[in-house]
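Here come two complexes built around subunit A, the first alongside subunit B, the second alongside subunit C.
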Partner chain A sequence: MISIKHKVTPLMVLFLISSSQMGVGVLGFQSIINKYAGYDAWIALIVAGLCVSVVIWIMYQLLKHDEKGDIVAIHQFTYGKWLGNFLTLLFTVYLLLMATVVLRTYVEIIQVWMFPHLKVWAFLMLLIPLIYYTISDQFRTVVGVCFLGVVYPFLLNLTLLYPLKHADITHILPMMNHSITEIMQSSTLAVLNFMGVSALLVFYPYIRDAGKSQKYAHYGNLYTTVIYVAVCLTTYVFYNQNELKEVIWPALGLWKIIEFPFMERFEYVGIATLFFMILPNVVLFMWAATRLVHRTFGFQHKRVAAVLLGILYIASVISMGREGVNILNDSAGKIGLVFLFIYIPVLLIINFIRRKVRKNVS
Partner chain B sequence: MNKKAPQKKAQRDFDKLLKTLKNKDGFIHYHHEHNQDTMHLGYLKTAVDPEKLEKYILPRVQEYIYNDLNELDQFIPFTKTELTNDASEIPEKLVKGFTFIYMGNASPSYLLIPLPLDEKRNVSIPEIEFSVVGPKEAFVEDIDTNLNLIRKRLAIPELNIKKLKVGTITKTEVAVLSIDGIADEENVNTAVQRIKNVDIDQVIDSSFIQQTIADNQNSPFPQLLDTERPDRVAAVLAEGKIVISVDGSPHALIAPTTLIEFFSAFEDYFLNWMTASAFRLIRLVAVFFSILITPLYVAVMTHHFEIIPQAMLITLVHSRMQVPFPPLLEALILEFTIELLREAGARLPTKIGQTIGIVGGIVIGTAAVEAGMTSNVLLIVVALAALGSFTTPVYKMSNTIRLIRFPLLIVAGVYGMIGLAIAIAYIMVHLLRLRSLGRPFFAPIFPFRLQDFKDALIRLPFNMQNKRPFQVRPSKVKRPIDKEQNK
Partner chain C sequence: MFVIVSLLFNYQMPAKVIDRIQMITVVGYDAIDQNKIQETVVSPKYQQEAQVEDFIYSDTAATVYENRVNLNAKATERLLNGKLQIAFYDRELAEQGVEDFIEYLTRDPSIGGTLNLAVAEESAHALINSVKTGKGRGVFFNDLFDHNIRHGNLPQTNLKEFQSALMSETCDPFLPMLSVEDESAALTAIALFDDDKYVDKLPINKADVFKLLYQNVSDGNYQFKNDKYIVALENVESDKDVVFEPTGGSGEVTFNVKLRGVVREYTGKEIINQLTAIEKDIKQDIEQRGENLISRLQELDIDPLDIEGAVKSSNRNYNKEQFKSTYSEMPINVNVSVKITGTGTRR
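After this line comes the complex of A and B, so read on.
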């Protein structure tokens, strides 16, 4: 049982959800999701946001029966101890994969834009202890990082106004020129940027009045969607579709044209500021993974954190180059899609049946 | 015969005591005959106030209108006198400034009169937390004077003072102050418990307590606010905070505190809220500026000179043209010089200290630039950063700010902006983890408390501050204290 002292207010769910979703994807999703829906892909973001809202609802349906319950308890209840723990372990691996994807993609951006000769292993030596320092303490520290990870980079949203000077609205006209199928296909790609919500299954017991926090989870998801759509629209009116095919990180291009009397090439500042959005991602996933192992096997939290960070370190160092990062991204996207939209609903159904059976027996 | 035995033993004890005391430096011993007995009076010259002794004690003793010590006790105009039979207690009491009287067979016990010599400074004006307007009193080294200064401002029965003794050798008196019904019981208990647990042999100043009861002793950040202003102490007590006063220290400690409180000068409350808020914001900007500007310069000049617009680049390149060092080394040398100046200025007497400022600031600065050791621009940057760190009202915090600049500088030199971001994240996480008396140090930013922001980054007018800060978990949230009390 988690004491009330260690719990956080329901409002914090808003920050936890949106900081777990937003991250490194903001820089590049615009040129990925337009694969099918073209310049209408921003609608796909709204669709994806709505679908994720439904998933959040499903998660709350799963979790609300037990204030203490998290995914470990649900798995054990639904599948029994052995199978349940095994599935939890798979989920842990998935969280680790997500953390690796985020971290590795960010390092990739740094390598391409700032330091081509960056030694990944040396750079991570600086970063991994920071993550350990954050997750080895109480959950509140993690929440604090998530909170600041939403509040502080909020100013970056203002940078979207600058490129509008060069905007051409005809780039996104006529609207709704793509079929529903194309938009749906694009939204499957867009979902990758919303996948952080799965951490909710782990931190749920740490929320005060957890049952009442559902609306904040939806608000958090809404905030993410709004920001994504704003970023996406700004990108699409700035670039035309042919240009978009060539650039990997369109947002960096948007920043590049920002000029102040004392500063040019804003993307250097932007990438540095983006670190405060990346950190909550990695920290939250790593904390969740640590917590799961701790809950399942009862090992000491700090030791688990150290071991998992060791795995993260090795995984990030060996996944070399742009191809490696792409493979990581794609596989994480596919696994996440299956996890959120197939596994979670199925889990809800099995859990429902299981509970009915239990009730009848007793 | 039997009746005489205890008296004989007492006499033996006394003779033994006298023998040991005679070897002590400054022990003074009078004796004269009185009613067939010998009357003894002894004290330590350095510990006793001679004026009190001559004025109040000696005349009374010589009047001979008493038969035993109990009667004598009635004539002596001091409370807190003690009667004891135990001779072994005497040496300890003498050191504390007591005078003993022994009357021999008539009454085989000792009368102890406290006549301690009080050497203390007068209450003077605050020097570290000086304010142009407002009260001009500051604490002194004597705890009773300090408590009196606080009591004068908070003359209410609810003012609760718990006294403890800390330090195995010094046995320093430590007082924990709080206002009943406003301060949180748990805070008071935590403070008292932690002070009780302090296990060091000497407590010379409140800083000793500040460091030993801190939540995280391996943090560069002070976690208890120290102040020399009784008015500030009275104000925070009324807010529901706890104050720790230590004998021998002119600084009282305030807890629980927050990071932002370290950047609020008490003068902020004497000015109108708009000016006060503006000054506070200037101070906060100055701190950020002070921490970040030199590392930013190093990061940009080393790794990202693309950031600088062309017009500015010319100025920068021109000023750096003759400098043989990389920016990191250049900045480290200059920062080190500034620290050298500050340290030299702080260690020297005030009058010479000013000279050091001129020598260092003007002579070395100009010469360094002319010799091509550093660039003009960096000199400006470093000097401004130093200036920024001096705007922090609490001296200990301004030290911290100057200290954390150095790791930032090095990381910025190695990994540029990204390194800087990571280093800031380290500080951020550290602040998130930090507690002051068990309460979050980074509040009201996180945990986010909108309510407490009215006296954080800015200070809103008093009539809007109708609630006590949530940070301290006050028992009574609403201000002012309920009216029944004022009846």
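After this line comes the complex of A and C, so read on.
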């Protein structure tokens, strides 16, 4: 069992959930989700947010019936030791993939906007020890980073007001001019930006009174959804849809128009602050992956962390260029969609049957 | 150990030391016979005590980047885009289309969104050379645009606005137009574009109506004269609202403009008793001129006021082909209400 002093208060779930969801996606999702629903895609975000809320509910249903209360225990209980461990391993790979996506996309932005000559492999050497330092010891360190990951970038929300000077509301009128199907299709694309919630399956036992933390998880998800919708609406009144097709990171374009007498370009501050949004993502996913391996195979936590960081490092260096990053993003999105909306509900059903059967036997 | 290795290798990144680069503030492009572009760039050098000396380089080549190579061959330090504030295109280039140049400006992340674009009526090179100023040409042009946008007849314009209108399916862009008057640069007109090609211009002293119909004005001015009196309004504030009514074949568009202003110049008598009459005269004047302007735009088949966007956003049955075919005959009305809020210090 995890001793009480290593656990965190239920309120922290809010920060854990929303900081795990918000990451590099917020810079570019606006020009991805509009593929089907056009300027109505912001509605798709609300739909996606609601769906993820349902998934959070399902996760809590799964987790609260188990004493140990994490995915490893649930997998072993539901599928038996071998199949269960194999599925846990797949989940670990998925977490690693997400960490790679986030880290690599962020490095790409630094490369394009700030230092075109940046050597990725050398730059990552600066970040990896930092990540190792955070994840190798207690979970509370990770939570601290996640907490700051919500608080620091909060000020960036104010920068959404400035671009409204160039906004044109006619870009998003008339509302709901796309069919429900199109909006649903777009919301499947939007889900990529909410996928961080899956880490909940791992850190659940670290929450004090875990059963009561569910509302905070929903609040965290709500906060993410509100921010996303605000960013998306600002982007859609600022750009017209044709323009969006050409832009890779619309949110950076919003910052491009901001000018202060003492600061020529705002993006540099923005991108730097964004690091506090990226770090919780990577740290939480990497911690979760480490924890899973540690729980499944019983290896020492610190060693696992070092090995997984090695894999993260190599994966980030190999996936070079815009193409590589795109492929990473797409595949992470598809896997996440299947995982959250097909695998987790199925897991709940099987787990439910399994519990009934076990009860009847005993 | 990791940190040291990382710093060592990234230390070799090419640095841009502030004393070893020249920031371009103004750039001008001229069409010189076939497929040749003359590029003129201005880079300020700061002398002591707030004095600025502009270096002007100019060369011709087929593409922007080829030009840069040539220009760098003339400059003492490396020329960079980070501080670019104004880009001029001469009329001939504007007639051929400026889309490729815009593409170049928006792809480079070091160029900001508030860059000003403008058309030079004759030659961009001559225009840039004609400026005599102590604060540097970049600041000079930037201030010129800035105060004309804030208080003058020039509507909001910059790279972002132009690109937005250019990429939009519904509206056409416009740009300020400058020319050399009495050996110094002056804002003379608004250049109207059809997609990315220059088609016509609107003199700047007649652009006040254009601005009223294009955006909400927060501090403008308006002059009116007839046989009996001349009146000038200042501190003009306006709200614009475009209404589409799907009556008849093509539907009907109405611009509702609410205008408030303070009288600053008046040549008639007893202004207090005349206010309603003045308001009525101005109202009729703006409506008349607005409708003339719109019918001219309809004749040219361009839509810088984004009428199509207004129709599209308020009509679910909007059909692009149908709109395009009926646009030139569409009834478009201007409806103005004028309120004079003050008459200054005299009775």
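By definition in this document, the second predicted complex is superposed on the first by the 361 of 362 C-alpha atoms of A that agree within 3 Å, B and C clash if a C-alpha of one lies under 4 Å from a C-alpha of the other, contacts with A are read in each partner's own complex, and residues count from 1 in each chain.
In this text, contacts are C-beta pairs under 8 Å (C-beta built on N, C-alpha and C of every residue); 3 or more make two chains touch, one makes a residue touch a chain.
All figures in this text were calculated on a predicted structure; none of them were measured in a lab.
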{"item": "Clash-or-fit label for the pair subunit B, subunit C on subunit A", "value": "fit"}
{"item": "Spatial angle subunit C-subunit A-subunit B, Cα centroids [nearest 10 degrees]", "value": "100"}
{"item": "Touched partner set for A:9, first subunit B, second subunit C, both or neither", "value": "first"}
{"item": "Contacts of A:264 with subunit B and subunit C, given as first, second, both or neither", "value": "both"}
{"item": "Which of subunit B and subunit C A:125 touches, first, second, both or neither", "value": "second"}
{"item": "First, second, both or neither for A:115, with subunit B first and subunit C second", "value": "both"}
{"item": "Touched partner set for A:170, first subunit B, second subunit C, both or neither", "value": "second"}
{"item": "Partner chain(s) touched by A:240 [first = subunit B, second = subunit C, both, neither]", "value": "second"}
{"item": "First (subunit B), second (subunit C), both or neither touched by A:253", "value": "second"}
{"item": "Partner chain(s) touched by A:273 [first = subunit B, second = subunit C, both, neither]", "value": "first"}
{"item": "Least Cα gap, in Å, left between subunit B and subunit C after the two complexes are fitted on chain A", "value": "5"}
{"item": "Residues of subunit A contacting subunit B in one complex and subunit C in the other", "value": "115, 123, 126, 259, 264-265"}
{"item": "Subunit B to subunit A touching residues, read off their complex", "value": "303-304, 306-309, 312, 411, 415-422, 425-426, 428-430, 432-433, 440, 442, 445-448"}
{"item": "Of all residues in subunit A, those that touch subunit C in their complex", "value": "112-113, 115, 117-119, 122-126, 128-129, 166, 168-171, 173-174, 177, 239-240, 242-243, 246, 253, 256-257, 259, 264-265, 267"}
{"item": "Of all residues in subunit C, those that touch subunit A in their complex", "value": "2-3, 5-10, 13-14, 82-83, 106, 109, 112-114, 156, 160-161, 163-164, 167-170, 306, 309-310, 312-316"}
{"item": "Sites on subunit A touched by subunit B in the complex", "value": "8-9, 11, 110, 114-115, 123, 126-127, 130, 133-134, 137, 140-141, 143-145, 147-148, 259-265, 268-269, 271-273, 275-276, 279"}
